[in-house]
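There are two complexes below, and they share chain A, which is joined by chain B in the first and by chain C in the second.
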Partner chain A sequence: MALNNLPHKLAITGLSVSLLASPFALAETAEEKGRSIMEEFERRDTGWRDMQAGMQMILRNAQSQESIREIRMKSLEQENDGDKSLTIFDQPRDVKGTAFLSFSHIDRADDQWLYLPALGRVKRISSRNKSGPFMGSEFSYEDMGSFEIDKYTYKFIGEEPCGDLTCYVVENYPVEKTSGYKRRISWVDTNEYRMQKLDFYDRKNSLLKTLNFVNYQQYIGQYWRADRMEMTNHQNGKSTTLAWKGYRFQEGLNERDFNKNALKRAR
Partner chain B sequence: MSERLFNFVLKRPLITLIIGLALIITAAMGASNLVFKSDYRVFFGPENPQLQAFEAMQKVYSKSDNVAFVIAPEDKQVFTPEHLEAIRKITEESWQVPYSTRVDSVTNYQYSHAEEDDLIVEDLVYEPLTLNQEQLSHAREIATGDPLLEKRLISTDAHVAVVNVTLQFPGLNPVEEVPAVASKVRQIREQVAQEHPDLNIMLSGVAMMNTSFVEASLEDNSTLVPLMFLVVILTISLMLKTITGTFATVVIIMSSIVTTMGIAGWTGFYLTGPSASAPTIILTLAVADCIHILTSMFYEMRHGVKKQQAILDSLRINLKPIFLTSATTAIGFLAMNFSDSPPFHDLGNMVAMGVMLAFIFSVTIFPAMLTLLPVRVKQKAEGESDMMLSLSAFVINNRRTLLPAMSVVLIAISIFVPKNEMNDDFVKYFDESVEFRQATDFMQDNLSGMTTIEVSIDSGKSSGINDPAFLQVVEDFSNWMRSQPETDHVNSITDIIKRLNRNMHADDPAWYKLPDNQELAAQYLLLYEMSLPYGLDLNNQLNVDKSSTRITVTLKNQTSNQQLETEKRMQAWFNENAPQYKAELASPTLMFAHIGQRNIISMITGTAIALVLISLVLGFALRSVRFGFISLLPNVLPATVAFGIWGLTVGQIGLGLSIVASMTLGIVVDDTVHFLSKYLHARRSKGADTYAAVKYAFSSVGRALWITTFVLVCGFMVLAQSTFKINAEMGLMTAITILIALIVDFLFLPPLLMKLDNEKSDPAGSSDIKTESQKGVAHGSEQPAS
Partner chain C sequence: MATQRSERNIRKISPAQWLASVLFSTLAVPVQAEVEFSGKVDLEARIFTEDALRSNQKDSNLSILFEPQWVWTSDNQQHLVQFKPMLRLDQHDDERTHGDIREAYWIYVKDNWEVRTGLKKEFWGVTEFQHLVDVINQTDLVENISGEEKLGQPMINLSVAADSGIWDFYILPGFRERTFSDPEGRLSLPIEVSNSARFESSAKERHTDLAIRWSQNYDWLDLTASVFHGTNREPELQMVQRNNGDLQLVPYYEQMTQWGTTAQAIWLDWLFKLEAIHRKTDRNKFSALHTGFEYTMYGIADSDIDLGLIMEYGWDERGEKASSVMQNDLFGGLRFAFNDEEGTEILAGLGHDMDFSSQSFSIEASRRLNNYWKISGEVRFFESDNPKDSLYTMRKDDYLQLTLSRYF
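After this line comes the complex of A and B, so read on.
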C-alpha cells in the first residue's frame, strides 16, 4: 500500500508519469496500479460473512413516470467465488413472495433459481446472459453481482476530486466475453476505498450509464454501504434508484438459507 | 422610379454588376448554413394530431428507430451453417453501429424452453458452424413456429432472414447521426457480402429511409439541375438564336438560385425532400422573365433599333407584365403556407423568394450584362407568326364548334377528378431505383413491411395488465387482428405469457394459454423480465407501472384509404368488445395515411385565397371586373382537367399532388394575363372587334406563350424524373396542368371571348382607357408589323 500513499499530484496518466512520481517503485505499470487499488477496494469489503437489507427499486422512464418495487436481499459471502444472494419481492402485490436465488460465478454462467408462489414451483433458470437488465431496471445482473477482482483487468487513470474527497480513477475491462460493456471507469475514494461513481461504456465504447453512490454509512464499525445507488442510462433517458434501508451484518446466515428449499420459505 | 433605375443600369452596367454580384455573393454564403433534415417526421407540423398521438405513445413506450439487414441466400436456405454464420457475424458487428441499443436476429434470439424443472434460456443458434443437420432443422422449426420471429426475423419458408438493429438517436445532431449509421451498416454489409458472395444483403428500416430522403434529393440535384440547365440553354439558343443572351440568362438563373438558397440558409431554413426541389423549380420559372426581355429586345433590334435603346424599350414594355406574372406566381407558391406539411411551406416560400429575385435580377443585372456583352441580331423581316396566324384563323373559323366541343371534353375529363384516391405510402415516396425502396419492397413481399399500426390499451390501474380479464381482451384483439386479411404480423404480450406458461409446464402444448389468475401472469412477466438479454426490456410493450400495453400490428401494403378503413375497424372493435378500456392507435403509417387528406383540406383554403388574390391582381391589371371573372375559367380549368386525367390514368394522389393546384395557379395565370391583356389592348386602344382582337392576341403573344410553356413543361418534366416520388408526381402534374393551360388559352378562351364579348358589350370596352403606349400593358414579344 505504500505506493498508493505517495503524493499523487503528478501521477495523472499512464506508465511514464507513475514512473516519475514513484522513484522507488519497481516500475509499477498503470495496469498493476489499477489492479492494486481494486484489490484494496475488495480487501476492505471482505469478511462481512452475511448481510441483509431492504430495498426500494424506483424505475423511471425518460418522462420521469415512476414505478416502485420493494425487495429484500440477503447475501452470503463466498471465498474465491461470487457471492450467493437471495432476493425476495414484496411489492407490487401480484409478485409478492416471488424469490430469486443466485450463485454468482467469476468465470462461468451464474446458477439461478426462481420461485413463483402462484405456481408453487422452483424453477432453475439456465442462461448465459449476465448482461441483461435486472428486473427491468437500468441495473444489469453484472452490475448487481458481487465484485470479484478477477472479473476485470485494470488500468489506473489518475486521481481527481470527487465531491469532498479525492478518488482514484481506474478503468476496468471485463474478462467475460458476454459482458454488455467494453469497459467501466470506477471512482474509488482514497480515504476509505468506497466506490463513489461508475461509468459504463457499451460494446461500441459509447457512454451508456452512470452509477452514483450517495450517502455512505458504516456498519458494524467496518463496512461501508451507500443509502442510495442512482443509475442513469444516457442513451434511453431512463433511470433507476436503489434506496437501501435496514442493513444488517453477521447475523449467522448459512448455506442452508441459500438453497432451493430456502426459496420457498423466503416470504 | 423605374426609368431612373433603368438609366442607371444601362449607363453604369459595370457598377450595377459589381453591386449585384456583391449582394448575391453575400447572400449566397448563407447556403453553407443549409442543412438537410433527414427525418420523416419533418413532414408533420407540431400541431398534427397523428404526430401528437404518436409522440405521446413514444413517451410511454420505448422510442426507437431501426435498420434492418435483409438477407436472402441464393439457394433460399437460411438454415445452413455458413448462412447462419453470416447472420451471426452481422449480428455481432451490428453492436458497433453508432447509437445501436439492441440487435435481434434468428441467431441471438433468446429461445426459452423447459427441461424438467429447468427453464433454459439461450441463443437459438450459438455456434452455427458446429451444427449438424438435425440441429439446423430443429432451429428452423422453432424459428418459423414462433410468432415473435416468423415474418419478423425469418420468412415463413425460412428463405429470407432479417437482422434488426434498434437505434436510439440522441437527436442532438440530426445532420450527422443518420449518415453515421448508414455508413457503418453499409460497411458491415460490404464486408459480409465479400465473404459470402452467395448472399444478397439489402438494407431497410427507418434510418435507411431517413438517409434516403437526403441521398435521393442530393442525387436529384446533381442530375436534374444540370439536365434542366441543358434544356434551358438549348431552348433559348435554338428559339432565340443568341449565345450571349443564353449566357446572361444562365447567370440570372444561377444568381436567383444561389441567392434564394443563401437567404434560406441565413434565415434558418432547413432542407427536406420537397424543399430540396426548390432549385429546379426556380430554374424553370426564372427563365420566363429573361425570355420575355430578350424577345422584345431582339424584335426591336431586328427593326433597326440600336442595342442600348432596344434594351431600354424592352424593359419599359416588360416591367409591368413580368412583375405581374412574377407576383402571381409568388402568390401561388406562398399559398403553400396553408399546407399541413411544413416542408411545403419552405418550398413555397423559397420558390416565391426565388421568383421575385429572378424578377429583380432580370431588370437590373440582366440588362447590365446585355449592355456589356456583344449582342448581334440579323436584320430580317420574319414570317414566324404564320403558324400563329393560321392557328388564330382556325380558332376563329371553328369557334362555334370549338366552344361546345372543348366544353364537353373539359367537363368530361373533369368528371374523373373524384376517381382519385388518397395514397401516401412513405416507402413509395422513393422510386424503384432507390435501394431503400427495393429492400423494403423485398422485405414486404417475403416477410412483412413497414406498414404498422401501434395500439396502446390502457387498463386504468397500476399492474392492471396482469388482470386475466384485461389479458383476455388483448388476446381476443390480437386473434381478431390476425384474422383480418390485411394483417401480416401481430406482436402481442400475450404470446410471451402463453409461451412462458407452456415453458413452466414442461413445454406441454396444452398449457399454451393465458394463466387464469393475476399473480401467475405477473410472476411470469417478472420471470420474463429477468431473462431478457442486454438492450431489451418490457418497456417496448408495457408502460412503466404496467397499466397499459402496446400491440404492434404489421399490415400488408395498402392505400391510405384502406389504412384509414382498417383504423376505423380497429376502433370499432374496441368500442364493441372492450369499451371499459381506453385504446389508442398511432404510427408513422397512420400519420402518412392522414396527411394527404388533411393537406388537401388545408390546401383548398390556400388555393381559394390564392385564387381570390390572383383574380384581384388580374382585375386590376386588366382594369376590368368582368374580365377578371372571365379569367377565372382558364385559370381554374387546367388544374381541374389535369386532376381528371390523373384520376383516369393513375388514380392515386398523395402529399405531393395536393399542393399542385395552388402552385400551378400562379403559373398558368401568366398565360391568361398575356393573352387577355393583348386582346383587351386591341379592343380598347385599336377599336378592334372580337375577331380581330383574338387574331391580334394570337399573333403578338402566341409564340412567346408557347416558348415559355415549352420551357416550363420541359422543366417540370425534368422534375418528374426525380427519384423522390413526391417531387416527381408534383413535376409531372404541374407539366400536365401547364400544357392544358396553353390548350385552354388557345382553343377555349378565344371562342369564349368571342361569344361573351360579342353579345354583351360594345367593342370599346366599358372601362375608361388611359392612353398608354401601345406596348404598355402586356409585354410586346412579337409585335405585328402592321
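After this line comes the complex of A and C, so read on.
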C-alpha cells in the first residue's frame, strides 16, 4: 500500500529526458510512447530500498465536515515483484493498534493479513477486489497500491501545461478485470517525471475522481514525494486529503520487518 | 456478601499483578522513548427478553468496563513493553465484577528471533464460530459467552522466524481458572460454580505447560501445526453435594496433549478454513474439526457494501457426550462491511445443532460515532428443549445488548 512510491528521479536529470525520448520518437506508436513514459516514471522511483512515513488522512463529506485518520507506513522494495508494506493505524482510536501487512504482486492477487489487537488475532484477508474504499475514504485499496508498470496498458495522448510545468498526458488501462476503473489519465511532468495529476474514470467511463499531487519534496537527493495528495470525487462531492510527514529512506529495514511476527509487534 | 465476593474477585488478580510489578521493576531500562497511553471505557446495557429461569435473576443489567493500556518501545525497536489491565463492574453479577491483567509483557527482538515474557494473549485459530485449536489462554467466560474474551496467560515464548516458517516455543508457568457467572447473573449456570477447582496434576494451578507451534504462509495458503501439553483450559464441571445439602459444580481440570492444525486457503473471492485437533487425556482420546468457507461479494447493488457469506460445520468424535457445544453443528453467517466513514459492520450468525435440534442466533453490529466514541449492539437468541444440550441452560436468556465505548 504505497501511494508514496510514486514519483522520483535520478540525481542527474534534464539531459537524460531528452536522450531517452529522442531515439524512439519517430517510430513509436502512441501505445509505445505511453508505456515508455511510464517506464521512465517507474525507473526513477526504483532503488529506494525501504521507506517509512506518517500520514494524516482528512475525509471531507459534501457538507465539508471533516474527520481524520492517522496512519504510519513502512515499505520494502522488492525486485521483480510488488513491494511489501506494513501499515499501522493510530486514529480513529477504536482501530488504534490495528496493523495491516501486504505483499503486493504484479501478476496475481496480493497477500494480505490484518492484525486485530483486541483479539490478538492475525487474519488473512481476501485481496482480489480492491475497488472498495480504504478506511471509508475516497481512496480505494487499488489507489493505495504501489505502481507497477504491467498493471496497465498505455496510450500517449499529448503534452500540455500543468501549472508552471509541462506534462506528458498518458492514458492507463487496468489489466485486472477486478479494477474499479475503465481507465485513468495521468499527467507526468517532463522535468522530473513526477505524477502531477490523475483522473479516474469508472467502469461506465464517466469521470469519477481527480487526484492532485501538491508540493513535491526531494528526499536523499533522489526520490520525489508530494506533501499532499488531494482526491476529489466528482460524483458524490466528497474529498480526501493525504498529508504526508516524516519521510525516511534507506534505514536498513529488511524482510524480517515484514513478517507476521513484525505485524503482531506493530504498535 | 456482595462486597466480599468482589474483593475476592479482585484479589484473584494479585499473582498477575505481582508478576507485572516484578516485570516492570526488573525492566529498569532507561526510558528514552515515551510511554504511550491509550485505552477504553465501555458502558454496557443488557435487556433480557424472556422471564428468567430463576426468581433472583433480573431482566436488565448495567455494566462498566475500564481497559487502559500503556505501551513503551525502545528507540531501536528492540524492546517493547505493554501493560493492559482491565476492571469490570457489574450491576447484578458479583462474579462478573472482576479485574484481570490482560497483557503485561516484555518483548526482546534480536535478528530473526524474539522472546516474549509475561502475561500475554496468543490466538491460534482461523474459523469464526469456534476456536478448537486455540488453547493457550483461559476463557474469561463472564465477559461474554462468545468465549472470545481471554485471561492473560503467564508465558515465556521464543519465536523464531526461519525460512521454514515461524516457530514458537512456549513455556507456560501457571494456570488460570475459567471464570463463571454467579447463578444470580445472566447468562449463568443454575448451580454455583465452586472457586476450589480440582486438578489432575498434583502441581494443581502451578503446573508448567509446554507448547510448540509452526506457521507458514504460501501464496494462497496459510498453514499451522501445534502441540500443547499441560492443563486443559476447558474444565469438566462435577456436581458435588456440600455439607449443608446445597449442590455445587466443581471444575475439574485434566492434563491433556493436544495436536492441532489449521489451514486457510484463498481462491478468487473464497476463503476456505479448517481447524482440526486430536486430544489425548488419561481417560479419553478424540478428534474434532471445524471447517467452512467465507465467500465475499464486493460492492453489492452498486454500493460500497461488501457482503460475506459464511458457512461452517463443527464436528466432535465424542458426539452428544462432547463437552463442547459444537459437536455436530452447522453455522451460517452474513457479514456486512459498509466500508463507510463510520466503519459500520454487521455480523449475523445462525447455529443449528443437528443432534439436539437446538438453535442459536446472534447479530453483532458496530459503528463509529467519531474519533473517540463508538456504539455497538449485540443480540443473542437461544432455542433448546433438550436438557442434555449445553445450550439448554441459556434457553431463557435471550438478550439485547448495547455498548457505548469511549476510546482514549
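Simple rule for what comes next: the second predicted complex is superposed on the first by the 240 of 267 C-alpha atoms of A that agree within 3 Å, B and C clash if a C-alpha of one lies under 4 Å from a C-alpha of the other, contacts with A are read in each partner's own complex, and residues count from 1 in each chain.
The rule we apply is simple: a contact is a pair of C-beta atoms (placed from the backbone, for glycine too) under 8 Å apart; a residue touches a chain by one contact, two chains touch by 3 or more.
On a predicted model such as this, the values are computed, not experimentally measured, just so you know.
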>> Do chain B and chain C fit side by side on chain A in the superposed arrangement, or is it a clash?
In response: clash
> So, A:G136: does it touch chain B (first), chain C (second), both, or neither?
Replying inline: both
> Which partner does A:G120 contact after superposing on A: first (chain B), second (chain C), both, neither?
Replying inline: second
> So, does A:S67 touch the first partner chain B, the second partner chain C, both, or neither?
Replying inline: both
> Looking at the overlay, does A:V175 come into contact with chain B only (first), chain C only (second), both, or neither?
Replying inline: neither
>> After superposing on the shared chain, does chain C or chain B touch more chain A residues?
In response: B
>> Contacts for A:T98 in the overlay, against chain B (first) and chain C (second): which applies, first, second, both or neither?
In response: first
>> If we overlay the two complexes on their shared chain A, which of chain B and chain C does A:K204 touch? Say first, second, both or neither.
In response: first
> Just chain B (first), just chain C (second), both, or neither: which does A:V214 touch?
Replying inline: neither
>> Quick check for you: in the superposed arrangement, does A:R256 touch first (chain B), second (chain C), both or neither?
In response: second
>> So in the superposed three-chain picture, is A:R128 touching just chain B, just chain C, both, or none of them (first/second/both/neither)?
In response: both
> Just one of 115-123, 367-375 or 385-393 in chain C runs into chain B once the structures are overlaid; which is it?
Replying inline: 367-375
> On chain A, what residues does chain B touch that chain C touches as well?
Replying inline: 59, 61, 67, 92-95, 119, 121-122, 124, 126, 128-129, 131-133, 135-136
> Which chain A residues qualify as touching chain C in the complex?
Replying inline: 59, 61, 67-68, 91-97, 108-109, 111, 119-122, 124, 126, 128-129, 131-133, 135-137, 256, 259-261, 265, 267
> Any idea which chain A residues touch chain B in the complex?
Replying inline: 59-63, 65-67, 89, 92-95, 98, 100, 114, 116-119, 121-129, 131-136, 140, 180, 202-204, 206, 235-236, 238
> Which of the residues in chain C end up touching chain A in this complex?
Replying inline: 36, 38, 40, 71, 73, 80, 82, 107, 109, 111-112, 114, 120-123, 125-126, 148, 150, 159, 161, 166, 215, 217, 219, 222, 264, 266, 268-271, 296, 298-299, 304, 306, 339-343, 368, 370-372, 374, 405, 407-408
>> Give the list of chain B residues in touch with chain A in this complex.
In response: 59-60, 62-63, 95-101, 110, 117-123, 168, 170, 462-463, 466, 504, 515, 517-524, 526-527, 529-539, 543-546
